[in-house]
């Protein structure tokens, strides 16, 4: 594998990470909540997809159209039940409550679906294995390219929503100064619930993407959360396009690491994450300002 | 506003209740110390486990309850503590000194980690520490001595006969828990306690009046690392076997969060209560496997939303009791100044961390 | 016709009773100046009327409806708009975006983006500028414009002149006078006594959470107002005594 090949594969993997991180980043940007149940929710979506496809024999494309809004609705409910209360409890409560939620979710999935690993690839023909050949004998998976394009589309769509629409403006206002937004007549409760619903829709898409690109099991959630988190923080917690950059950075780091050592895949990712943190801490305010630009306004 | 205040309020720290409590605790500690002479093997091992849970709860609370730093990654130090013991014993250090040395070494390692991680915001710190734990797990796996996920055993322990091994480990665990509890107690009564309270209330304001925010957090971070490492060392002494996956698992964080959240975050008595409750729950339901974990998670979720102060925290607030003298009380004199609004005369108003 | 009726309103600011049993009533088209020292409770009163502060006791009636427990956005939809102390613009958003958010509650009326920009002509060339780059006077104009976008029947103005140069203050008040037609009811909180008395038709003085004096602006002298402002009786030489 040439270095160009490695970078390309890594970048495409980064597209998946950006999609995965999108929901986490959006929620954090709007409500300053790090949803520790993020990965578990993605995995749960994959399981629901699998169950519906397996037992009800539903068409995969139909399932996608159903699951995304369904998860959006779940997000709405979860906001009303969990997040809204968490927001008033200070900074610790959202972390603790979402962690509890993740534990419950992971174990419920295990209880229901057992220890077997699953995959969603069988429901999509050969999409997971098809590839294109680029000049230089570089083979790229069609799925990887689609996931990357999807990530760009989602982030781009969010950007347009936030800058061009009334709802987007209200979301930005609420995230910047909730009190002032309420004064001005924004229904901040509804905006928060809506933002959560949107974030969950993205999580659902990421969950299906996960199921396609890899096998998953009931306890795969936490690992995905960590990847999403690393992508978000590296890109600058709060920056939309930074999330894409963070995802790509993670993907490339992992790919390079894998080349060096079989364990290197994960190690390289974590080390790069910590290195970026270190750089931010010691490179001072300038770099910090550059990376952590208010995301809804970048 | 009048001129002189004839009867300035008096500050005192010990109440009758707290004297009784501290005495009871001391008596209890002595009782526990002599227990191995009377109890059976199983009871000794179970109590050792209880003490280790107590250490973990105290240490997680030190960081989160007093420092405001929720960490989902203290299992990093737990696992590293156990790993350090294995390595040191392999090197030739005898077991029990190795355990203390391991905790100290891990505490030293935590210093540079803290330097970077403590700069993060609350949410980022929480998961960031989890990443540190994952990395520690991966790096430990690289050591061929550990044999990957198969793990290895603390063979040095086998030099002791089972009864001695049990008793020594028991005493080590008890001593560690008692020592750490007294350390936390002393810190809370000292300036650190007030500093921690100030930071929890409003970090910016605390910083602006000169509270050493960064130093306080660093102290708590290192202490917590030390304690968790000691707990890990004790755990490997009890179970003898070491599988990285078990020691670096995020489940330990789940346990710590459960104990402290249910017991009472930010209180002194809370973590101990939480450890006892957790121990009871585990004894009763531990064999339920997955449902047990679901129950733990659901309880943490419910408590965080409905009873965020935990059992002890709520009781403390409701009834204004305080068993241990970590706060300050004001006693107002019998004559109050003419104009100033007095909440209640001749009352004791706890103003506590 | 009474537009706003406040009865026995109590409101807390943390542990402090900031508003203690306030009774107030305003007819449509009236302009009331609310004066008082810092900490008297003026801002808390306005915020409670606007709904961002919870009323601990008492009632607020707007156009006959009991709105005491209505959410802020519901009050804006009914025609109450607050220009908060310190402007509170969305600094990362442009002037135009700030103005557009003002119509979030969806209330129909004569004010729209173009009319607001026409009224505050200085903002026209600043449409696409981020609020954080604006001067104090420009920010104040944007804040008032944002409130106007909600087509309010009751306009609550909190400390418009705070942090503004005298020239900017003058400009703001000139615009305000031109903008407010006979139908807009205004409550104005203002430190500048002279300006309050000249702009408003009625005056109310607040001290320690209560309204201690009310009257027509042209009937109350500056001395009378100051007396209630400080809660002190002014001796002949003007020196306060208790």
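Worth pointing out:
Just so it is clear, A, B and C label the chains in written order, and each chain counts residues from 1 on its own.
The criterion applied here is as follows: a residue touches a chain if its C-beta (ideal position, glycine included) is under 8 Å from a C-beta of that chain, and two chains touch if they have at least 3 such contacts.
All values reported here derive from a predicted model rather than from experimental measurement.
Fewest steps needed to get from chain A to chain C, stepping only to touching chains, is 1. Taking the CA centroid of chain A as reference, the farthest chain centroid is that of C.
Averaging C-alpha coordinates per chain places the centre of chain A 44 Å away from that of chain C. With centres set at the average Cα position, the gap from chain A to chain B is 33 Å. Rounded to whole angstrom units, the spacing between the C-alpha centres of chain B and chain C is 51.
Interface of chain A with chain C (complex): residues 166, 169-170, 172-173, 176-177, 179-189, 294, 296-297. Interface residues of chain A, counted against chain B in their complex, comprise 28, 32-34, 36, 82, 85-86, 89, 91-97, 99-108, 110-111, 222, 225-226, 229-230, 233, 237, 263, 266-267, 270-271, 273-274, 277-278, 281. Looking at the complex, you find that chain B touches chain A at residues 64, 68, 70, 72, 116-117, 119-124, 126-128, 130-132, 134-135, 138-139, 141-142, 250, 253-254, 257, 261, 265, 290-291, 293-294, 296-302, 304-305, 308.
Across the interface of their complex, chain A is touched by residues 50-52, 71-73, 76-77, 81-82, 84, 88-93, 97, 100-105, 107, 146-147, 150 of chain C.
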